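Structures incoming, each one as structure tokens.
After this come two complexes, each holding subunit A, first together with subunit B and then together with subunit C.
Presenting the complex of A and B:
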């Protein structure tokens, strides 16, 4: 495979468990999928199915402990860089990727922005962290040697201590510091302007609570896309927003993604949203993938009983009042789960073997895989079938 | 609302609050007995006592007596302090200065140790350093001051002889001017480094005693609010930007965790400033606490009233400062709401 066809990230057999009082929770249990360069991939499932944990493992943001990395790999291939295995990489390499090559926007921008820092300060951090050298270039300090450069360079990369910050207020250094500020401000303004925020210079000095929800999410997006990452993780980016604002934020992400050729991993439980924006979909249930395929194919031919149940539960204008389908039962406990199919307890088609044997993903069509015995050969025995259950 | 506007409004309300407090305390003090009690002797006749009472308007109704007292305060006359054998206005500044010096020293101990320890523990939640910090702070909050003070005294003064008691070496301090009454500042103003060292040396034990209790409370508050902040989304968002853990902790989480801690710091500082009876007595520190204790025991009402006036203004002032610092730290706070 050439670089352009290689997936940007490959998750293989990822297992993330959490220690809890009741036992070890198998939150993510053997998940494998690829994210391709520039594509929009939807990661769908209900609350607690492990979709957020899976996505956060791309930035290694899951708290350990109580989390345990129980196995599997997360490989990331940034443009023009060697592949990095994120679960085992050292702290400094990881930090060079976070916010720079892989960025994330969160569900509630009101909580994901620091209430005590201005928009300018928060976005500037990204540039200080990842573009310190370019900032020094901007203010013409690259070739200079000595104390001035050292101090400004430390300030530019967020490493200065309070005593150095004190020194930077003294006249000869003050001018350099002011120049650095101006250089950063220009970049912050550009980043904000990218997200079509009106009057970015004025917004820069605001605190998050002074902005509307939609504006805050735009600030979040500006911050995430500041370094033009290869992969953007969007964890339910519109759930906390007004319906009228949702569509505009989605269009914005879509537009920026296309212009910068960024891959986007959408985490969502909103199937109609996923259908609208995603190229491919991964459906998760109780820590495992049950079905994955191109959006059109998956919505036209949902092959897993769980996916069918989810699609049947989408309300539409043609539905009668009260006629919405619901999936019977509740999500199983993920403490020491049974070896079989996790959906067996709620599945209308389950046979005894579903409870003892894990079906595993197998293709049903091009690029479309399902983990259900209805679709692939059963190891010795009679498998479930839609037709049989119907009679 | 602007800070200045808010300040002016609060300063206008302040006198009303002081008047309210002083009325309550004046009444309660009078219930405890006559203010001339400590000046009378058994040989005096009924007539003589009545004459003295009349001279000081003590035969008038209580509200009128209060007005005489309040009138005196407005003219800068706080009465005669029986225990110090001098006018209150002359004795009090030295007492306040002594307590202030001790409170600032104890406050520095408490805030640096408390915030540092709380941050250290909160960032290492439920690990060994956190447990050790917890033991340290719970002992600080639960150990009786008199006991801890005496232990310090026995170990560091009696046995080791490392630290002195009292406020200063008299010979050193009679030789220099006292424009501020704060011995460390006076010594520096006089350019006398030996005297400065001596003043600091005398401060150590009482400041540690007084500061330890406050350290404990501040550290507990700091730890719990830091633990809370570290679970917020913006901390993950900061990590997702690639920031170093040190930056995430100091620039993001600690700054916000300081907001609730500031209230505790402000209140602790108020308590430190009003003087500590036990600490001042044990370390022979000539501050407000010891003065007050003497006055209460001997029924010196002018001194008691002056003390109450001082502490009520003090706490109102401290609350004001806390409000303003709070609004500075938490941008969502609107002053005057």
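Presenting the complex of A and C:
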């Protein structure tokens, strides 16, 4: 495989567990999938299915402890770089990747933005962290050595101490500092303008609470895309927004993705949105993948009983009132789970074998894999089938 | 299903369970040390509807449109600033009220915030509420039996072992059981907690339940369980629902009649089928266009801009600032120009002052004459909005000042579009637009 066809990130047999009073919670238990270059991959599932934990492991944002990395690898291949195994890499390499090669948009922009910083400061931080050298180029301090360059370089990478900051206020140096500020402001303005914020210069000086929800989400997207990342993780980016604003934000992400050729990992519980937005879909249930495939194929032929259940539960015009196909029961406890299929307790088609043997993912069509015995050769005993349960 | 409670009620079988007439709720904005009232946020500004027995009314709109405030006013949790909420009234009396005859008598007997004594107690037990966030609306220090049993205790319906049995009966109605009696809210999942909220609302066998986004915090599979449960309970107990939600899929599934709110007023209202088949308000159309449907494949689109400040709602049609089909008759005003200036690079920050004669006429002062000329040109050329040149009476610059005046437009009233179907839009129909 050449570099351009290699997936941008490969998650292999990832296991993230959490220690709790009741025992070890198997939040993510053997998840494997690839994110391809430039695609939008949807990660779907209900609350507590492990979709956010999986995504956060790409940036190693899961708190450890109580989290335990119980196995598996996350390999990231940035454009023109050597593959990095993110679960074992040291903190400084990770910092160089976070917000630079892999960026994340969070669900609630009200909580994810720092309320004490202006929009300018929030976005400028990204440039200071990852683009310090380019900022020096911008103000023409490329090849001059000496005190000025050192001081400005430290300022540009947010490393100056109070005494150095004081020095930069002295007249001959002040001009350089002002030039640096201007260079950063230009970049921040460009980043905001990318997200179609009207009048970015005015928005820059506002605090998050002064902006509407849709505007805040745009600021967060501007921040995430400031360094033109290879992979963008969008964790339910529109759940906190109104439907009218949601459509705009999705268009925006889509448009920016196409222009920058960014891969997007789109996490959502909303199947109708995922259908609109994503190229491929991974459906998770209770810490495992139950089905994965191209969006068209998966929505046309949902093959796992859980995927079918999720689709049938969405209220639509064709449903008789009070006759929604709810999936009965609740998500099982993930403390020391049974070895079998995790959906068996709520599945209408389950056979005794489903409770003892894990079906594992196997292909049903090109690029379309399902973890269910209905579609698999059964290792022994009688497997379930849709027809049998119907009678 | 076992019936819960057979308490004596005078509320008979009057056909309209609840009617709202020009209900308004304004919140004062207080400023300074003396807490002087500087203005009002018009959260709800003249809304009328009625809910017939056994039916479900869906109340839809974006966040900030006043739907939750209206729900709270209807449930008697806050008093309306103006207008009346009439409870348990028959159609003839309501028609008489609308016609203006014996208003005083009818209000004493039916108006929620005028009820006293037994009549008020009867209203309180017959109108219950289920809130969006079940975690916040259930006391974390109380056991299920205390939470669900509290209304029974307050209204002296049951006590001792009788109370326990009634609570078990209620829990069984909502799909829980005796084993859940002595647990705290945090020991339940989100769906189960919402079931407890519903059990609490059912405890006094009410006639009306106000459901404020009851499934917004739930997963789709659990949402389906709760919606099915609500439907079963409605059938079994002859309940009437006021269903507040922003999810059009849910409201289409649950409601018989829909009221679409925008910025405190009704944009459109009608039978569910009429609203979904033929929208007469561009806002309704935009809402429908924006909500993705898992079956349909057409592109979905959003709306430009954000909801304007409800302390200064736009003139004419409140939606004209974001409307894709706005015309010169929709109420273009000074604020539209000011908003444009604030978002326009080059013009923003140059606006020194606005001297208003009315919402439609003002003198704008700028820092320099060039900006003033740019603004006048923008108004005249239709750069702010294509239909603005037609609405403007005067736009002239004198040095760094701009005199601008628009033709005054009255508020757009609701007009009849079909049986029970009204909309507030200047267009007769949106079909050919």
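Definition applied: the second predicted complex is superposed on the first by the 391 of 391 C-alpha atoms of A that agree within 3 Å, B and C clash if a C-alpha of one lies under 4 Å from a C-alpha of the other, contacts with A are read in each partner's own complex, and residues count from 1 in each chain.
The rule is short, and it goes like this: a contact is a pair of C-beta atoms (placed from the backbone, for glycine too) under 8 Å apart; a residue touches a chain by one contact, two chains touch by 3 or more.
Everything quoted here is computed from the prediction, not taken from an experiment.
Superposition note: with subunit A as the common reference, subunit B and subunit C can be accommodated side by side.
Using the contact criterion defined above for the overlaid structures, shared-chain residue A:202 touches subunit C, although it does not reach subunit B.
In the superposed model, A:103 lies in contact with subunit B only, and not with subunit C.
Touch criterion met: A:59 reaches subunit B, while subunit C stays clear of it.
Applying the stated contact rule after C-alpha superposition, one finds that A:130 touches subunit B and leaves subunit C untouched. Once the two complexes are overlaid on the shared chain, A:327 sits against subunit C while remaining clear of subunit B. Contact with neither subunit B nor subunit C is seen for A:278 once the two complexes are overlaid on the shared chain. Of the two partner chains, subunit C is the only one touched by A:46; subunit B is not.
Seen from the CA centre of subunit A, the centres of subunit B and subunit C span an angle of about 70°, rounded to a multiple of 10.
Judged by the touch definition given at the top, the superposed model places A:350 against neither subunit B nor subunit C. A simple residue count on subunit A separates subunit B from subunit C, and the partner touching more is C. In the superposed model, A:313 lies in contact with subunit C only, and not with subunit B.
Across the superposed structures, the minimum distance from subunit B to subunit C, using CA atoms, reads 5 Å.
No residue of subunit A touches both subunit B in one complex and subunit C in the other. On the side of subunit B, the complex with subunit A involves touching residues 232-234, 236-244, 247, 251-252, 255-256, 329-332. Put simply, subunit C touches subunit A in their complex at residues 62-63, 189-192, 219-225, 227-228, 231-232, 235, 246, 248-250, 252-254, 276, 286-287, 289-295, 300-304, 306-307, 342-345, 348-349. Considering their complex, residues 59, 61, 95-100, 103-104, 106-108, 111-117, 125-126, 129-130, 158, 207, 209, 220, 223 of subunit A touch subunit B. The touching residues of subunit A, when paired with subunit C in their complex, are 46-47, 198-202, 212-215, 242-249, 251, 269-273, 275-276, 299, 309-311, 313-319, 321-328, 330-331.
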